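Chain lettering (A, B, C and D) follows the sequence in which the chains are written, and residue indices restart at 1 in each chain.
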Amino acid sequence: MPALAALIEDLVAANRILAGLNVLDGFGHVSVRHPDHADRYLLSRSVAPELVTRDDIMTFDLNSLAQDGDTRTPYLERFIHGEIYARRPDVRSVVHSHAPAVVPFAASSVTLRPIYHMSSFLRTGAPVFEMRAHFGMTDMLVRNNDQGAALASSLADGPVVLMRGHGFCTVGDSIPVAVFRAFYTQTNADLQQRAIALGGSVTYLDDAEAVQAEETNRRVVMRPWELWKAKYYPRPDA
Amino acid sequence: MPALAALIEDLVAANRILAGLNVLDGFGHVSVRHPDHADRYLLSRSVAPELVTRDDIMTFDLNSLAQDGDTRTPYLERFIHGEIYARRPDVRSVVHSHAPAVVPFAASSVTLRPIYHMSSFLRTGAPVFEMRAHFGMTDMLVRNNDQGAALASSLADGPVVLMRGHGFCTVGDSIPVAVFRAFYTQTNADLQQRAIALGGSVTYLDDAEAVQAEETNRRVVMRPWELWKAKYYPRPDA
Amino acid sequence: MPALAALIEDLVAANRILAGLNVLDGFGHVSVRHPDHADRYLLSRSVAPELVTRDDIMTFDLNSLAQDGDTRTPYLERFIHGEIYARRPDVRSVVHSHAPAVVPFAASSVTLRPIYHMSSFLRTGAPVFEMRAHFGMTDMLVRNNDQGAALASSLADGPVVLMRGHGFCTVGDSIPVAVFRAFYTQTNADLQQRAIALGGSVTYLDDAEAVQAEETNRRVVMRPWELWKAKYYPRPDA
Amino acid sequence: MPALAALIEDLVAANRILAGLNVLDGFGHVSVRHPDHADRYLLSRSVAPELVTRDDIMTFDLNSLAQDGDTRTPYLERFIHGEIYARRPDVRSVVHSHAPAVVPFAASSVTLRPIYHMSSFLRTGAPVFEMRAHFGMTDMLVRNNDQGAALASSLADGPVVLMRGHGFCTVGDSIPVAVFRAFYTQTNADLQQRAIALGGSVTYLDDAEAVQAEETNRRVVMRPWELWKAKYYPRPDA
């Protein structure tokens, strides 16, 4: 299978997996940078991730304009993807989600921090993007390139950014890495909240521990990916 | 398919969807205003929503009297629907639920407020209907027109009303909108509780943000509806 | 179908339903008083409720001795059932469970109280049976008639009793009523905990509200029962 | 079926069961001591537990070196198993997990204690292994024999050890016992957190109660095991 076709297959799998893991519901999306054109990315047309098929995938440039005369309805927030790819050459995949476990941290003064090695990419804490600080009163969506650029700037060089009153994004240098980080951002949020609710003191990973654990995790990222594909996308669409 | 048949099909779908989303269990119900007679509404006979089929749908007038000599057992609380339709010409669908995530807010002094854009319809907070203030000691059910009218009065012009010691109602100008609001009332309740449990300060949507987000949401309401129909009502009954 | 066969069918259904609702897991049990012999009761041999079939049902007298020379291994805690039937002529069915949502209340100084009408049978709060107060240090199981009698005495004339460090029991004048109460004891525990976690004040049902709501609930108990049977025991074993 | 083949079958079942119970996800593992060679143990190659089949099982000596020239990729943390078997002749099975309910206790100053009889093996509280105290900054994994020995030393003669910023291990003198303890460690963590969140005082099992309850539980451990096998491994692979 040529590289592009294989990547599209993985992108469809990522949609189904993130829906299966409850990271995405009727909303949210996942994209991948075009394998042959670094200034383009692939993203589904506007449809619930669980229903995405190969034929739904559209191509966008980094201004998030649809290519090839494709006139199907795109996601309103595609600018998240375009601006992150523009600012971050290292990033090859982006996930945007409203996962219930994470939104509370996006609304709270408490910082999301790594409670165990699986979420070591959170390291010294996830930044929170505050739309209001940049654009005043909005509908909270990232619906143009300026807003996307501001979000990408909050993400900076990190792997995750929370969005106040909205959700979060994770990035990675491959689809499995971005998906892994989305899942473990969600899991860490749930675990951290439980730990806080115990009422005692909570020990988070030390920064040096997180750096080393993250290096290790990068080498085992395919193990859960293979499991998730087997569970949530067992029979690739013909 | 004529308008009435299509609407009944959507009403059956709404029952299955709300059961699938755990908004309804053995109890609760969803109705739709009659498409041709604004002074009538459609609601299942007394049966668990997950089991509702096309043949269970009954027609009621706005006094919640069964029409066409239908003598099947109706829901005890059909008056919720009749009185809301009577007071609110803009409403075309009503959901009544005991969803576990929401009941705590119906019993608490803490107001349910929008923690993210998806539940922007909550805006400045959901009102709580206190049966006791109007009718003293009751069995908590809305079982006549006076009680339905008092509830409708608490709902006022809003999209949602909580019911102390009981549950909540959402309304919309279509079945998908009422269902969307029921689901995101439930989700917001869960998220708000998690955010409060973190112990820090919580930032809710500003009123101006909520107004704009609600306008946007109204335009994407069919995306989750199509997903939910595909998941929970894949094969309409023949 | 003769009364006894129909009742055994319902008892098997109750086992499957309570497992499906996560009220029972590998442990716990549900019994019914013999329809023709008020001094006997029917209860499965020692097996996980989800696996119970018609052929597993044994008959016991009120001393919890197996009848008809049945030598199969019975549940260690069958004395719960025998002693409750002996003390409470009004009871026709007993559920014993370790449901996760309820155990915290059995270990806490906070009383389980009705947060909504569905659990109105909790009325002024569920009593907690403290084995230690009667029998000192034990393995926490109710494994003889004396212990069963002490538990039945804590239950007194109520519908539910919690057991410290162990679980709870519900009773009813029919299998559907005992199952309904087990499910809504579990649901109320979950809801009450969420309400407390909100940090505000919590309004429970007034005693007079609970009395009236309980009367109403008794009349609708078959609606969830029919749903649960359809979901968890769709094809009675041949 | 010869003893070894039967044990391998149980080991595969344990992998599927622990995945089904959400004790294991893409990570974690379960092993068994070799039935004929006390200085060897059986453990899957590096693959998600839910996907493990008979053919994935490898044999290791107590230094965690693969036997029989097996060059497949082993789990990085196999040293957990080797060092526990080396130190604890009574142990015949080891589970290592990152179960979400348990990790908060591994990061908190609050001790995991038995809230009911099912988790009586926790007795006076689960110890927490602090990698940092022994090895300074690491990637948190137990990736050599020294680290495994330190962990085994924290476990001491107990049935369970938590691992700060990581997860936990349970052991038993059979696969069903180790699995039972893993499941009820998870359940107890969830229940204890709920009990603490109620805000009142919490009564844990007295040590003498726990000793007696543990003795009883040892005799009923096959009941949930048979249920779990029927649910999560209904058709052993041919």
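By our rule, a contact is a pair of C-beta atoms (placed from the backbone, for glycine too) under 8 Å apart; a residue touches a chain by one contact, two chains touch by 3 or more.
In this text, all values refer to a predicted model and were calculated from it rather than measured experimentally.
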{"item": "Superposing rotation of chain B relative to chain C, computed on C-alpha atoms, to nearest 5°", "value": "90"}
{"item": "Chain copies touching (chain C, chain D) - same or different residues, decided at half shared", "value": "different"}
{"item": "Between chain A and chain D, centroid-to-centroid distance (C-alpha), Å", "value": "32"}
{"item": "Distance between the centres, which are taken as Cα means, of chain C and chain A, whole angstrom", "value": "45"}
{"item": "Multi-partner residues of chain D (at least 2 other chains)", "value": "197"}
{"item": "All pairs of touching chains, each written as two labels joined by a dash", "value": "A-B, A-D, B-C, C-D"}
{"item": "Chain B contact footprint on chain A (complex, rising order)", "value": "25-27, 46-48, 50-51, 76, 98, 100-101, 103-110, 132, 137-141, 164-167, 193, 196-197"}
{"item": "Of all residues in chain A, those that touch chain D in their complex", "value": "114-118, 120, 187, 190-192, 194-195, 197-206, 208-209, 212-213, 215-216, 220, 223-224, 226-228, 230-231"}
